[in-house]
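Here come two complexes built around chain A, the first alongside chain B, the second alongside chain C.
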Partner chain A sequence: MINIEIDGKHIEVENGCSVIDAAHRLGIYIPHFCYHKKLSIAANCRMCLVQIEKAPKPLPACATPVAEGMKVFTASEQAVKAQKGVMEFLLINHPLDCPICDQGGECELQDLAVGYGGSASRYQEEKRVVLHKDIGPLVAAEEMSRCINCTRCVRFGIEIGGAMELGQAFRGEHAEIMAFMSDTVDSELSGNMIDLCPVGALTSKPFRYSARTWELSRRKSISPHDSLGSNLAVQVKNNRVMRVLPIENEDVNECWLSDKDRFSYEGLNSAERLTKPMIKQGGKWLEVEWQVALEYVANGLRQIAHETGAENIGALATPNSTLEELYLLQKLVRGLGSHNVDFRLRQSDFSADSKQTGAPWLGMAVADINRVDRFLLVGSFLRKDHPLLASRVRQATKAGAQVNLIHSTDDDLLMPIANKEIVSPTEMTTVLAQVLKALATAKQATLDTSVQQIVQSVTPSAIAQAMADSLAGGERVAILLGNFAQQHPQASQLQLLAQHIAALCGATFGFFGEAANSVGGYLAQAVPFADAEHGMNASAMLAAQRKAYILLNVEAELDMQNPQQALAAMGAADMVVALSAYKHHATEYADVLLPITPFTETSGTFISSEGRVQSFKGTVQPLGEARPAWKVLRVLGNMLNIPGFDYNNSEAVRDEVLVGTDLPAKLGNVLHGVSAQAATWDVTGLQRVSDVPIYATDAIVRRAASLQKTRDAATPRALMHSVELKKLNLQSGEMVKLTQEHGSARLSVIADDSLPHGVVRVAAGHAVTAELGAMFGAIMVERA
Partner chain B sequence: MLSEQVRAKTDRELKKYPPDRKQSAVMSALRFVQDEKGWIDTADMADVAAYLGMPQMSVYEVATFYNMYNLKPMGRHTLTVCTNLSCQLVGAMETLNYIKSKLGIGVGEVTADGKFGLREGECQNVCDEAPLFMINNKKTCGHLTKEKIDQILAELDKE
Partner chain C sequence: MEKITNFFKTFLLLELVKGMALTGRHFFARKITVQFPEEKTPQGFRFRGLHALRRYANDEERCIGCKLCEAVCPAMAIHIETEERADGTRRTTRYDIDLVKCIFCGLCEESCPVDAIVETRILEYHGEKRGDLYYTKPMLLAVGEKHEAQIAKDRASDAKYR
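Now for the complex of A and B:
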C-alpha cells in the first residue's frame, strides 16, 4: 500500500493506482474527458492535468501512478492554469452550436467549459471542419466537428465490444474518428458509444432532436429482453418514453446496455399498439368495452370447461412476461381446472420436467463470470443472445480464460476460442460424451450409470481431448448451456452430460436463460408440472390441439418452437384469447384481443438468470385503454369466481409468490432419473439449425424501427456449406424453397463454410420463416 | 490478396517479432505494398490486416498517420519536398513553388504523363542539407538550387 496526499487529504491506496482513481476515492473531482474507469488509459485529452510536488510540470492524473509520499494538488494555481489552458485548446476547434446540439445539457465539455473555459475566445482563425459520417441507424455521427478526439468510442469498441469498428485516422489537426471504408458500426453494444462520447459528436439517432435532457423525467425500470436484467433509466416526456439509458449496477450490467435494451423503446410507441379490447363477430373485428370483452372471455372459458372439460384449455405466455402476470395466468388456468400452462415456448424437449432439482439458472452470479478461467459453452449464440454476458466472458479471456465451444454455428464471438467443435445438432450429444469420456479417463473416475452407455459408444476426438485438458486445468471452471442447447430436441441429454462434465472438473454448471423471466416463470409456477397433477407442456398442447387457448404476449408464428404447428392449433381452436400489447397476426386466428401494457406501463418483477429478483414500477400511463395484464387476469379470475384473486396491487401478487420462499433452494440445475442413450436422434437429409435473431426475440424489439434497420435485423437467408450447395447444384445467392412438413419459405441461399455439413441455417422468429416447422429437424431445400 | 513478394518480405519481418505480435510488422508490410505498386489502396490495407490478423481500421490508422504512405496513385518519381522549419528558413517554399511551376502540378498531384508526383513532407533529419526533397521516399537530394533541380528532373525524365 502506498500513502499519498491529495489536496491535503491523506489516502492509502494500492500500488499501481492512478492519481485520478485515488482522488475519486477521496471524493475529489478532477476534470477529465478521455479517462473512463472501464476503459484503458489514453491520456490524450490532457484535461486532468494536476500539480505534483517535485514534478517540473503538471502531469495527467489519469496516467500518473501513485508513489509513496506523493503530494498532489488538483486545484493549485499551476493545476488550474494548466486545466484552463487545455480547455482553451479544446474549445479552439469546437463549434459554438450548443443551442442546436443534442448533447446540450448533458455535455461534459459544456459542463467543464463553465468551470474552466474563458468567456471569449482568443482564436480568430478558421476552425477545422470534420465531415459527417453515416455509421448506421443507431449512432449518429452527423457533427464530427464537435469531436475532441478523446477516443473513448474507439477504446470501447476494442476493449468492451471486441471489434475495432471505429478508429482515429490521420494525424494532428486532421485526425478524425471514422470507420474503415465508411462501414457501419454493427456491434450489438454500439449504443454505449453515445453514452461515452463526452461531447455531441456521437448522439442517438432515434432520439435526436426529440427532447432536451432537462425536460425528461427519469424512472427506474428493468429490461424485459434478455436474461441479464439490465437496470434501465426510462426517460419520459408527456407520458411517452423518449429514450432509455443504463443505470449503473456493477453486479448486473455495469454501466453498459445492449442496443436491444437501449433502443427497443421505439417499439413501445409503435403504431401497431392495441389500445381497445376487440372481439371478432361474424369474421369482423369490433372494438368493444372492457366489460363486454372480459365477459365474453369468461363465458367462453366457462363454457368450454363445462362442456368439454377444463383440460381443453391451454395457456401460453412468453418468458418476457412479468412474474405477476405469469403467476396469475397459471392461477387462472388452474382455477378453471386445467394444468396446461407453459412459458417455455421455444423448448422442444420437456423430458427433464419435474426431474430437475429446481429452476434452471446461471448457477453463479453474473459478476463471477469475469473470474472464470475455463469455459465450456454449449449451444449458444452468445454474442447475439446475451450481449453483455458475452462481454463479461470476453473480459475473462483477456485475463487469460480459455473458452471451449460446442455449437452448430461458428459465428465470430470476438474473443479468442481455445477449442471449438462445430457439429450438426444431432452430433452434439456425441461431442459432449467425448469430452466426458476424455475427462473421466484423465481423472480415472467411474461414471454414473445414466451416462455410461453413451460414453462407451464414443471415442474422444483430438478436439474433445483438448477441451477436456483445458477444463481439467482450470481452477474456476464454468459449463454453460445457451439458448440453442435449451431449445435442442435432446436438451435434457445435453444437460445431463454437461452436468457430469461439470461434476468431474468441479465446475459451476448453469444455463444462460433465454429471456428476462426464464427463471421467474418457474417460480411463478407457469409450468405444467408445478402441481401434483401435471398438465401439458407448450409443445404437447399444440400437438394435441386444445379447444381454447389463452395467449399472453405470444405471437404464435414467431415465439414458438414450431410456428406451423402453433398456427394450425390456433386455427382449429374454438376460442383464442390473445392478451397482447400489439395488434398482430392474432387477428387471423383469435376471437378476442385484450390490450395489455408492455413493461413500461405496468409494475412487475423479473427474476434474472442469476436468480436476482428485480421489481419495477410503471414509468408511463397505459396507452389508450390498454391495462396491465396482471389487472386483466385479476378481473378475469374474479369473474370466473376463482378464489384468491383479490389483490390490491402487483406487489401483493409478487409477495404471494416470493415471501416465505427460499429462492436459492428453488434454483437447481441437477437432473435425476434421466439417462443418456447413444445416438437416439437422427435426421435423414438436411437438418435445420435455427437462431432467433437478436432483434426478433420478442414483440417489443420486433417493432423497434431503428433496430430493425440494423444489419442484425436483415431478412433471414438460408446458409449452407458450399459442399451441400454443390450436392444440390445450387449457387450461392440463388433463391431456394425450404420445406418443413406442410409449409415452405422462399429465401436466398448463401454459402457459409463455417457451418457443419448436413445443415441449413434458417433463422426463426421472423415473418418470412413463419410458415416453416420446428426449429430443429429435417428440412428440404430445392431451387425456387 | 498480397503478392507473393510482399508476403515473402513480410514473413521475413515477422521473424523479428513474437508470434502473437504479428501486427508489429504492419509498417513494413505497408511499405512493401507501396514499393510494389506505388501507393496503398484500402483493399491492400484490408489484405494486410487479414495477413497480420489485426483490425482493418487499425491498419488504416497507421497508413493515414504516416505521411510517407501514398493513399492515392502518385507519379513514377514522386518528389517529397520538406517544408518543415529548417528547410523553410532556407527557402523550401521557393523550391516547392519552382517545382510546381516547372512540372505544372500542385502538391498532391501527378503530371499528365504519370512520370512525376509532388508531395509536401516532414523533416528528413538532414537539416544541414536543406532545402531538400526525397525521390520515392528512398533517395534524398539536398542543397537544392534551381539548376540542381533542373538537372535532377532531366535525369529522372530520361529514366
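Now for the complex of A and C:
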C-alpha cells in the first residue's frame, strides 16, 4: 500500500493505482474526458493535468501511477492554468452548436467549459470540419466536427464490445473517427458508445431531436428482455417513454446496456398497441368495455370447464411476463381445476420436469463470470442471446480464461476460443459424452450408471480430449448451457452430461436462461408440475388440442417451439383469450383480446438467471384502456369466484410468492432419475438449426422500429454448407422452398461453410418462417 | 399658541386657498393625459409586447427548437415539441405560448440564441375567449411576418447595447 496526499488529504491506495482513481476515492473531482473507469488509459485529452510536487510540469492524473509520499495538487494555480489551457485548445475546433446538439444539458465538455473555458475565443482562424457519417440506424454520427478525439468509443469497441467497430483514422488535425469494420455500427452493444461519448459527436438516432435532457424525468426499471435483468433508467416526458439509459449496477450490467434493452422502448409507443378490449363476434372485431370483455371471458371459461372438464383449458405465457402475472395466471388456471400452464414456450424436451432439484439457473453470480478461468459453453448464441454476459466472458478471456464451445453454428463470438466442436444438433450429446469420457479417463473416475451407456458407445475425438484437458486444468470452471441447449429436443440429456462433466472437474454448472423471468416462472409455479397433480406442458398442450387457451403476451406463431402446431391448436380451439399489449396475429385465431401493459406501465418483479429478485414500479400511465395484466387476472379470478384473489397491489402478489420462500433452495440444476441413452434421436436428411434472432425474441423488440433496421434484424435466410448446396444442385443466393411437415417458406439460401454438414440454419421467431414447424428436426430444401 | 392659530383658521379659510392653489396649478399645467386609442404613448425599442416568431430573409424559420425559452420561462407559458425535419435540421413541430400565463418578462427573448422568439411593440391584442390567447406556431409566425420590418429595426437599435 502506498500513502499519498491529494489537496492536503491523505489516502492509502494499492500500488499501481492512478492519481485520478485515488482522487475519486477521496471525493475530489479531477476534470477528464478520455478517462473512463472501465476502459484502458489513453491520456490523450490532457484535461486531467494536475500539479505533482517535484514534477517540473503538470502530469495527467489518469496516466500517472501513485508513488510513496506523492503530493498532488488538483486545484493549484499551475494545475488550473494547465486545465484552462487544454480547454481552450479543445474548444478551438468545437462548433458552437450547443442549442441544437442533443448532448446539450448532459455534455461533459459543456459542463467543464463553464468551469474552465474562457468567455470569448481568441481563435480567429477557420475551424476544422469533419464530414458527417451514416453509421446505421442506432448511432447518429451526423456532427463529427464535435468530436474531441478522446477515443472512448474506439476503446469500448476493442475492449468491451470485442470488435473495433469505430476507429480513428489519419493523424493530427485530420484525425477522425469512422466505422472500421463495416458501414454500420449496430452490433449488440454499440449503443453504449452514445453514453461514452463526452460530447455530442455520437448521439442516439431514435432519440434525435425529440426532447432535451432537462425535460425528462428519470424512473427506475428492469429490462424485460434477456435473463440478465439489466437496471434501466427509463426517461419519460408527457407520459411517454422517450429513451432508456443504464443504471450502474456493478453486479448486473456494470455501466452498460445492450442495444436491445436500450432501444426497445420504441416498441412501447408502437402504433400496434392494443388500447381497448375487443371481442370477435360473427367474424368481426368489436371494441367493448372491460366489464363486457371480462364477463365474456369468465362465462366462456366457466362454460368450457363445466361442459368438457377443466383440463380442456390451457394457459401459455412468455418468460418475459412478470412474476406476478405468471403467478396469477397459474393460480387462475389451477383455480379452474386445470393444471395446464407453462411459460417454457420454446422448449421441446420436458423429460426433466420434476426430476430437477429446482429451477434451472446460472449456477453462480453474474459477476463471478469474470473470474472463471475455463468455460464450456454448450449450445449458445452467446453474443446475440446474452450480449452483456458475452462481454463478461470476453473479459474473462482477456484475463486468460479458455473458452470451449460445443454448438451447431460457428458465429464469431469476438473472443478467443480455445476449442470448438461445431456439430449438428443430433450429434451434440455424443460430443458431450466424448468430453465426459475423456475427463473420466483422465481423472480415473467411475461414472454414474445413468450416463454409462452413452459414454461407452463413444470414443473421444482429439477436440473432445483437448476440451477435457482444458477443463481439467482450470481452477474455477463453469459449464454453461445456452438457449439452444435448453430448446434442444435432447435438452435433459445434454443437461445430464454437462452435470456429470461439472461434477468431475468441480465446475459450476448452469443455464444462461432465455428471458427476464426464466427463473421467475418456476418460482411463480407457472409450470405444469408445480403441485401434486401434473398438467400438460407447453408442447403437449398444443399436440393434444385444448378447447380453450389463455395466452399471456404470447404471439403463437412467433413465440412457440412449433408455430405450425401452435396455430393449428389455436384455430381448433373453441375459445382463445389473448392478453396482449399489441394487436397482432391473434386477431386471426383469438376470440377476445384484452389490452395489457408492457413492463413500463405496470409494477412487477423479474428474477434473473442468477436468482436476483428485482421489483420495479410502473414508469408511465397505461396507454388508453390497457391495464396491468396482474390486475386483469385478479379481476378474472374474482369473477370466477376463485378464492384468494384479493390483492390490493402487485407487491402483495409478489410477497405471497416470495415471502417465506428460501430462494437459493428453490434453484437447482441437478437432475435425478434421468439417464442418457446412446443415439436416441436421429434425423434422416437435412435437419434444422434455429436461432431466435436478437431482435425477434419478444413482442416489444419486434416492434422497435430502429432495431428492426439493423443488420441483425434482416430477413432470415437459409444457411447451408456449400457441400450440401452442391448436393442439391443449388447456387448460393438462390430462392429455395423450405418444407417442414405441412408448412413451407420461401427464403434465399446462402452458403455458409462454418456450419456443420447436414443442417440448414433458419431463424425462428420471424413472420417469414412462421409457416415452418419445430425449431429442430427434419427440413426439406428444394429449388423454389 | 395652537389654540390661537386654530381660532384664526376657522374664519380665514387658509386650507381652502391652499387647495384652490393646487387646483389652479394643475389647471394651467401641461396636460399629459393621452386619448387612447386615438393618441398613443411613445414606446422604447425594448418594449415587451405580443410575441412573434421570426424568419430569415430566405423565408427559413429561425427557431431551431433548442427549448431554452421553454426552460427559462418562469411562468411555464411556452410549450415546444421538436423533431428532425426531412432535411436533417432540428425544427419545432409545435411552439405554443399561453399569453394568459405569460408575464412579459422577456427572458425568452433574452435566452434565444438565434433571435427567433421576440417580443414586439404590439400591445393591442385581445381574445374573446380564454383560448384565443393561446398562440400557436402559425399564429406567432404570422405576427413575425407582419411586423418583421419593425422587429428588425428594433433589434438593430438594441444591438449596440448587447
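Heads up, the rule we're going with is that the second predicted complex is superposed on the first by the 782 of 784 C-alpha atoms of A that agree within 3 Å, B and C clash if a C-alpha of one lies under 4 Å from a C-alpha of the other, contacts with A are read in each partner's own complex, and residues count from 1 in each chain.
Just so we're on the same page, a contact is a pair of C-beta atoms (placed from the backbone, for glycine too) under 8 Å apart; a residue touches a chain by one contact, two chains touch by 3 or more.
Only a predicted model underlies this, so the values are computations on that prediction, with no experimental measurement involved.
After superposition onto chain A, partners chain B and chain C are found to sit side by side with no clash. Residue contacts after overlaying the shared chain place A:G743 against neither chain B nor chain C.
When the shared chain is aligned, no partner comes close enough to touch A:G85: not chain B, not chain C.
Contacts of A:G337 after superposition: neither chain B nor chain C is touched. Once chain A of one complex is fitted onto chain A of the other, the partner contacts of A:G167 are limited to chain B, with no touch recorded for chain C. Applying the stated contact rule after C-alpha superposition, one finds that A:W214 touches chain C and leaves chain B untouched. In the superposed pair of complexes, A:P65 makes contact with neither chain B nor chain C.
The superposed model places chain B and chain C at 80 degrees from each other around the C-alpha centre of chain A, with the value given to the nearest 10.
In the superposition on chain A, A:G358 makes contact with neither chain B nor chain C. Once both structures are overlaid on their shared chain A, chain B and chain C have a minimum Cα-Cα separation of 28 Å.
Taken together, the two structures place no residue of chain A in contact with chain B in one case and with chain C in the other. Listed in rising order, the residues of chain B touching chain A in the complex are 42, 45-46, 55-58, 60-61, 64-67.
Residue ranges of chain C in contact with chain A, taken from their complex: 64-68, 70-71, 82-84, 88-90, 113-114.
Partner chain B is touched in their complex by these residues of chain A: 158, 163-171, 179-181.
Those residues of chain A that touch chain C in the shared complex are 98-100, 104, 142, 208-212, 214-215.
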